[in-house]
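You will see two complexes here that share chain A, one where it goes with chain B and one where it goes with chain C.
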Partner chain A sequence: MNPEWFTPQNVILAGIIGLMAVGLYGLLITRNLIKIVMVLQIMVKAAVLALVLAGQASGRAGTGQSLAATVIVADTMVAVVGLALAIQIRRRFNTVDVSEVSTLKG
Partner chain B sequence: MEMSWLYLVLCVGAVICAYRAMRTTRILVATLYLACISAIVSIMLYMLKAYQVAAIELSVGAGLVTVLLVYAISVIGDDAYDPASIIPKPLAIVVTLAAALLMGVLALPLVGLSGGGDAATAIVSMRSVLWQQRALDVWIQMVLIFSGVMGMLGLLAEGKSRQRSGLHTLTEIKGQVPQSQEYVQANQTSLAEKTAPQASPEGKA
Partner chain C sequence: MPGILIPLVILFPWLGALAIFVAASFWPVDTVEDKALSERRAGWQHGLAVGFSLAGAAAALALLAFSSSDIALSIAVGGGNPVLSAIGAMTFVPDGLGVFLAVVASVIGSLCVIFSVDYMHGEGHLSRYYALVLIFIGAMSGLALSSSLLFLFFFWEITALTSYALISFNNDDPKAVAGGIKALIMTQLGGVGLLIGALVVYANLGTFQINEFLARASSLPAGLLSLMAFGFLAAAAAKSAQVPFQTWLPDAMEAPTPVSALIHAATMVNAGVYLLARFYPAFEAVPGWKDAVVIVGVLTALLAALMALAADDLKRVLAYSTVSQLGYMVYAVGVGGVFASQFHLFSHAIFKALLFLAAGAVIHAVGTRDMRKMGDLGRQMPLVRNVFVIGALALAGLPILNGFWSKELVLEAGLTGGPAWALLAMLVGAGLTALYTVRMVWMVFYGHARSSLHVHAGRSAFMNTALVPLAVAALLSWLLAGTFASFLHASLPYHDIHDVSLLELVKEIVTAPLTWVAMVVVAIGLGVGAWSARRASGAGIELKRSENVFVNWARASFGFEWLNRQVVSLAKLVGRGLAHTQTGVLNWNVMGIVLGLVLVMGLLAASVWGQTF
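What follows is the complex of A and B.
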């Protein structure tokens, strides 16, 4: 009953593209600094899934998984520093709007 | 085929959670949606036999990052003020669709390659790859964690140290930044010292 293309790999691939698209759209239209960190997290989750899937599909699961672990750690550090910056920007400029911050001096 | 349906349900759930996280008006609710995405991605990673990555994603993505976001929200406030974007929405939609199409075309050769493999083999393979072949990655991860923690501590401590010293009030407008008790006391004593020499000659006279 199910078509030939309806395999787990294709479904996960579609999910990865969907997550990436939602994250990219959010990155383009959002100006709130916290939300920017969040949409970056969404995009990186899609990238992690893609790395593991690519490792499985190419027969080198270990490489894909180790790269995925590295990406998770790097992404967490990006979130940590981004949130600390957001807190400091809020304290100094009383805003989290990135376009407003870019025009301020001090 | 049942696995395909399960993956489809998980993927649709993840995309819906991502959309809701982006569109919601409260950041705290968006944080919870983000944790849901992490949990769903962890389930998918587990089903793909990437057990260790799934555990890392669940503990870091749904645990640590959520706690950090809630802490940031408690400091900043649950203000999801998000003004209209600089880029027009139709243009953003077109760019997003073009990027999605490009990703689909580029990822298409992935479909049909050999997949699967034994779970135990995958775990051993990841261990050997991570600790033997890609040892540099492990060192880079350590440096990243250390520098990230140091950077966060430095950024968070900067405001407090400036506030404690009271030096910021010399350059910044009064009232915008809360003044520390030490600065107020120092200001009062300096004022008292200025008025004291004027009072003493009068007393002698």
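What follows is the complex of A and C.
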């Protein structure tokens, strides 16, 4: 392997792709609502990293970082609401398996 | 001025549809049976529908004064958005072809709405009925006036959708639902041809403007142009119920009769002929196209006339007759007689709307569509009989009714521009037309009563209000032939239409030997019809049909019924197959999203790669 490839940018890029892949894989295989919330978090973290990297690369690091902070806050809301929903669903259906919750099937 | 009138022609009916729906949604749903209240509400719905449709008709008639070949109204779509602006502007040109079809749609449309006031009296779901009819009228005017191929396609699809919804109006009747679905699938099949054509134009000329395409059609590669030409022929054949798509129209007769009169006789089914006439200058030179059009027209005219002869359902006879007459119009386009085809379209819209509405009055009064149960109804409903006979004679092509002049013009065009065998076939068709017309009139209005049907003396003031103007028009509309010709001549820059006066046309038709030949053929048809009617006078003109192989074959649409049914079931099969992709399992949906993303990224990467290397 060429050591010139190991620039900070490329390492971060690889991290983004890796996080995204892990998240997508999780989304594809899991049916547990809590795990879905978790893998969504992982994917959003990839997006946050991408924002920071893009800010750095374009020379406007401040913009990228402030956007990243916004996304972190917004995403926390998603996690909170998602977990709250998971609790409600657990109470009502006695399960957190999304495939058992879908009542609208053709 | 036309820039204001065109939106009015389209929007008056649409606003009416909206008003009726909004009015109905404000009424509280009460379970208490209050007859006076529901009568009053129905009265409002009738009134709104009639008012808005008449306003649309008035706007369309006013538009006649402003016909031109220039773009009268252009609405930019999407503004600065680079993706949306590719759609191009929504443009309207009030040229002869378009304005005249819009007038037919909105005037006959408003007459059908007036007729509905009596016909739909006491029926449920009035707001749905009127809203759909009015949406249809607006969309049909839009289709006629649109000069952008893309928006023509949009309006085309709206008319198909309303047609489907109105055929299936009695949605607890499985036959009505099946008929609607069949009509939808068959016309969609044609719509694909239209869409392909529109995209070919856009890909090659960078515009959806019809006139620009007509001007530059020859710059298209020959293969693409003929793909377009045959795509449009398929679209027209599906919409106008031509061979091999013709069987949806008879099944569409489950619709309420005013709808059959408006959509399935006077307007929507003409859209196909209109399309062929509109694009005739571009496709004229495509090898084989004119022959194909002639063959479709001749086959349809003959087969449908035979099917009309074998049908016992009054509305089905009229439907087959419509198919057959549309075949005449398609044939006229194929032999280069654009004016003849449009003039026959005009005459046919009037007399066939008249026939359908009069048939509706009969069906409304006796409660059946089976002609074998009718007979001798003329004495009980003299006015309906009189107007029906006027319409029937116009259909048969008897002088001096409007159908005579336009049919002779079609045959005349066939003599100068078409092959001899086709002309011969069309002459035979004219004789068959006369034959089935006599048979139909006799079975319904004359002879002996074949069952104890009671004519319900219901409200008929509004029905008569719609019937009488149409009957007068069937007698007199041919006087407009000269005006119509100069109208088309002045506003169609790419069509070669001669500016002839009415007198010249009349002279040309009366002195042509072909006219007299046709008259003899029609007379033979009428004579045979009358003779067999008299011979069988006890029981009307009922042949021993169940044993007759030919009649059974004609009833099965000469095998096309089977073909059409296969297409419909194939479409349903595909639909059911695709339904399996809707699993409701989240993971599969995520899979779909990921695959879509990969596909888009791949396409983008490929295009970037293609540009750099």
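The rule we apply is simple: the second predicted complex is superposed on the first by the 101 of 106 C-alpha atoms of A that agree within 3 Å, B and C clash if a C-alpha of one lies under 4 Å from a C-alpha of the other, contacts with A are read in each partner's own complex, and residues count from 1 in each chain.
As a working rule, a residue touches a chain if its C-beta (ideal position, glycine included) is under 8 Å from a C-beta of that chain, and two chains touch if they have at least 3 such contacts.
Source: prediction; values computed, not measured.
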| item | value |
| --- | --- |
| Which superposed partner A:Ile72 touches (first chain B, second chain C, both, neither) | first |
| Touched partner set for A:Ile29, first chain B, second chain C, both or neither | both |
| First, second, both or neither for A:Val11, with chain B first and chain C second | first |
| Per-residue contact with chain A, leading partner among chain C and chain B | B |
| Which superposed partner A:Ser99 touches (first chain B, second chain C, both, neither) | both |
| Touched partner set for A:Pro3, first chain B, second chain C, both or neither | neither |
| Shared chain A contacts, counted only where both chain B and chain C touch the same residue | 24, 28-31, 99, 106 |
| List of chain C residues in touch with chain A within their complex | 579, 582, 584-587, 590-591, 594 |
| Residue ranges of chain A in contact with chain C within the complex | 24, 27-31, 36, 98-99, 102, 104-106 |
| Footprint of chain B on chain A - complex, ascending | 2, 5-26, 28-32, 34-35, 37-39, 41-42, 45, 48-50, 52-70, 72-74, 76-77, 79-81, 83-88, 90-92, 94, 96-97, 99, 106 |
| In the complex with chain A, residue positions of chain B that touch it | 1, 3-4, 7-8, 10-12, 14-15, 18-19, 21-22, 27, 30-31, 34, 37-38, 41, 44-45, 48-50, 52-53, 56-57, 60-61, 64-65, 68-69, 71-73, 75-76, 79-83, 85-87, 89, 92-93, 95-97, 99-100, 103-104, 107, 110-111, 113-117, 121-122, 125-130, 133-134, 137, 140-141, 144-145, 147-149, 151-152, 155-156, 158-159, 172, 176 |
